[in-house]
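Presented sequentially are two complexes of chain A, the first with chain B as partner and the second with chain C.
Let's look at the complex of A and B:
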């Protein structure tokens, strides 16, 4: 823009200062625009949802319509909570993690060990495709495999399988990336001590990359914990706490959907959403902490 | 002969007897195959995919290809160019790692004895005896390299292979490690890759000069530095190339 800038530095110093101030201003403005949605969301959820957050919210199951109607008519806060959803979400996410973590770590290490090989590239591509599959489709798959094929009815297991399939590509890629970041020299050090291959992986590589693996796992959990569509197709929901993986189970996002459809329970939509967001944010912060501490 | 994949051989026609309790230096310009040859001696080259090898290497008359790599690498230890202690392990765990990772069941006092004597041997014990259970990352580069030597010594190997062990270190740490090697050769046989000619001259008893994958000359270090028999060796030692 200003071809003479190099020569006329002194003359242009005011203009330069102005320019850099202008630039700073734009950066600040843009970052405000970027973070304002999250702040607005937080504001909305807290202002509308906080009054429902009390011990009952965590330890009682959702009210029935009559209870909710009575409370609304009397201007009281809604009784009960989302214990059935929280327990269902924790159950299904834990089960999904149990299924997804070992499989994905093995595949991720396989990809890392076979850089550039044809079948590894094929698997990597398939992994990327899997990541792009809409979650509702994964719900359908799990419906056919598990709901129809295994549990003969809606079940927590079916929900977990759908969530686990979603977690696979995320953990696979983060495992491969984590392994790639580890210096090859520690692998050599172990090999030079005569340590057999599988022990190098188990006792040296995985512990050395532990924080990277952990971060990937936590982020994948926070990705799937709010999924609603696949759960509608697989676990249906439940008004009671259910910890039987062969039975229909509630989940926090499913409850949000149910509350949304019930005019008397709107307040619980906000508090449940606040809970879910808080949970996801916490997972993200823990993940960030872990990866920072390692580096 | 050792070749990577479809490439032409990286090392060929090397025949040599390595003397016990001596330091044998392998010299030569970068890329001439020093590391490849060194890694073949404890079969570390097999970590690379598609490697092709012909020929025989014997340890005390026994073919190294007839031993398991686990057993072989207990007898022939290795130290690398850059210090590579295990980042997740304490100093103590690093020294004993060869045993622990291989699943040896040693009693605590046996381990303690091995750790202490190995660290003594590399002159590190007094420096770290109060922080054995800390991670080694606060150590200087030279200390870390001595820790790695201690880790190799923990097995009481017969041979220690070293691939430019001081090239990442400052002169002071280098001098310490050189002194250490001279001391260690009373108990161990050391094969030292170096592209530092003066280092070879200072501490080695015998020296190999490699060029383009071939062993050009192998002789007493003194003889090689004063009166090399091959013109290529002379050219390298006088700085004409390399």
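Let's look at the complex of A and C:
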């Protein structure tokens, strides 16, 4: 190639091409290394966890140590399941969503309506910083606020508050981004027809951005559903199904932690991790589907 | 008109909730940390390397955990960089908009969905025995194992930001370089990297922020030794992980010390994240 000779007379153009090809080879190799963990993790969870997945796994509470020991000694699969964890996770995530969703959608709309203003920028920055606060710190906060201050003991409510604070920034920012993508003309059309401001928000903006809001909500739920550390500090865990928000409650990630610390229950670690990961990934896929259809 | 004012007022009041949460968090943690800071002094607490919860001889210092957190997170960043940067080049440059790039991108996104505790399990049962078989002391627990798992955990965050930044480099610049006879590699080193440098830096700063606060996976792999790590394969402990695994038996001064560590962690991650976001905002 003549051009090569012009810009680079000292260097051999074949060598430069070779270097470029070599680099591409390295990029492909490193990219393969990057994605190998997710494949290895999925393989390990499925191959070790699938044998414990049966109806009992979903509808019975965790076995006690004696039952587990007997089953291990007889070489049977472990009896019982993670019903106390599943019910606790559903309870706490539902409560967290109930707290976080309305507040964050309203704050998201506030940020959208006040673009470029100093106070709104401050709120946006604080929201971003809140998103980066480690979950274990939010667990500490909820311990101080709710466990010590409100329920005077470990409780599902405390876990929900920690999860809700985690969800807030995610939904706020996704609401703002969704609103920015809506054509401004639909808002103006409604205003021109004399629709009051609150009805524009409730009847025009939120319904038109519904799928965007839904995506943000589902992604935020999938982010918090696997959280373990804040729940260790706030809800403690429970061996029975508990639906009282003022009492200690179990959750799937908490149960994984308990199984992990009990050598007899090791088989349940894999099946409950498989269940948890399956749940998170399903939520992610649904969220992606919704946002694809929306775009 | 009156209803419009009321609506605006409601929006404003909602936004105050963020201020309240933020100042409430700072206030509660400072209040909770005061006994520990009062007893050992602010700097005394930060720089002391002793952690002894024995009754009547209680001494608490944060240095082992600060060191553990910083070393594991920086190690994670170093391991993460070549992997996520290559993946970004794959997705946003070499195979841009091709099917294979979409597949790769989806798989990297899946990494972000894996809960921390599952990474911990995988690290414990798969990576730790591998490291142990290399012949280092401590059964494979320690700084290196945690750093490696942390690196995998922050890859999706670093990659998704670098993807965006790299795909924002104007095509005309790249085409101009090609027309001068540059090879693909030369375009990357002399056009793409210089044009996306600050955005990439911000991406890795934000990924660092993630690594600093990771709890469960680190707790399961770092060895939970309350000492300043002596080497790459030495056990240690991190700020997030000491909170998680000492919290159960904590009250009084010990609880205060753990809250103080939480406060430091909060301050550090807030600073790191604010810096990252600031650079990104200037860049965009």
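Note that in this section the second predicted complex is superposed on the first by the 261 of 295 C-alpha atoms of A that agree within 3 Å, B and C clash if a C-alpha of one lies under 4 Å from a C-alpha of the other, contacts with A are read in each partner's own complex, and residues count from 1 in each chain.
In this section, a residue touches a chain if its C-beta (ideal position, glycine included) is under 8 Å from a C-beta of that chain, and two chains touch if they have at least 3 such contacts.
Here the structure is a predicted model, which is why all the values come from computation and not from measurement.
In the superposition on chain A, A:267 contacts neither chain B nor chain C.
Chain A has more of its residues touched by C than by the other of chain B and chain C. Once chain A of one complex is fitted onto chain A of the other, the partner contacts of A:176 are absent, as it touches neither chain B nor chain C. Of the two partner chains placed by the overlay, only chain B lies in contact with A:188; chain C stays clear of it.
Once chain A of one complex is fitted onto chain A of the other, the partner contacts of A:196 extend to both chain B and chain C. When the two structures are aligned on the shared chain, A:226 is found in touch with chain C, with no touch to chain B.
When the two complexes are superposed on chain A, the residues of chain A that touch both chain B and chain C are 196. Looking at the complex, you find that chain A touches chain C at residues 1, 3-4, 6-8, 13, 16-17, 19-20, 23-24, 26-31, 33-35, 37-41, 44-45, 103, 106-107, 109-111, 113, 119-120, 123, 125-137, 139-141, 143-145, 165, 168, 172, 196-198, 201, 222, 225-229, 232-233, 253, 256-257, 260, 269, 273, 276-277, 280-281, 284. On chain B, the positions that touch chain A within their shared complex are 42, 44, 47, 69-74, 77-78, 80, 82, 84-88, 97-98, 101-103, 148, 151-152, 155.
Contact residues on chain A toward chain B in their complex (touch as defined above): 183, 185-196, 199-200, 203-204, 207-208, 210.
Taken together, the chain C residues at the contact with chain A in this complex read 3-4, 6-8, 10-12, 14-15, 17-19, 21-22, 24-25, 28-29, 32, 82-84, 86-87, 89-90, 94, 104, 107-111, 113-119, 121-122, 124-126, 152, 155, 159, 179-186, 188, 206, 209-210, 212-216, 219-220, 240, 243-244, 247-248, 258-259, 262, 265-266, 269-270, 272-274, 277.
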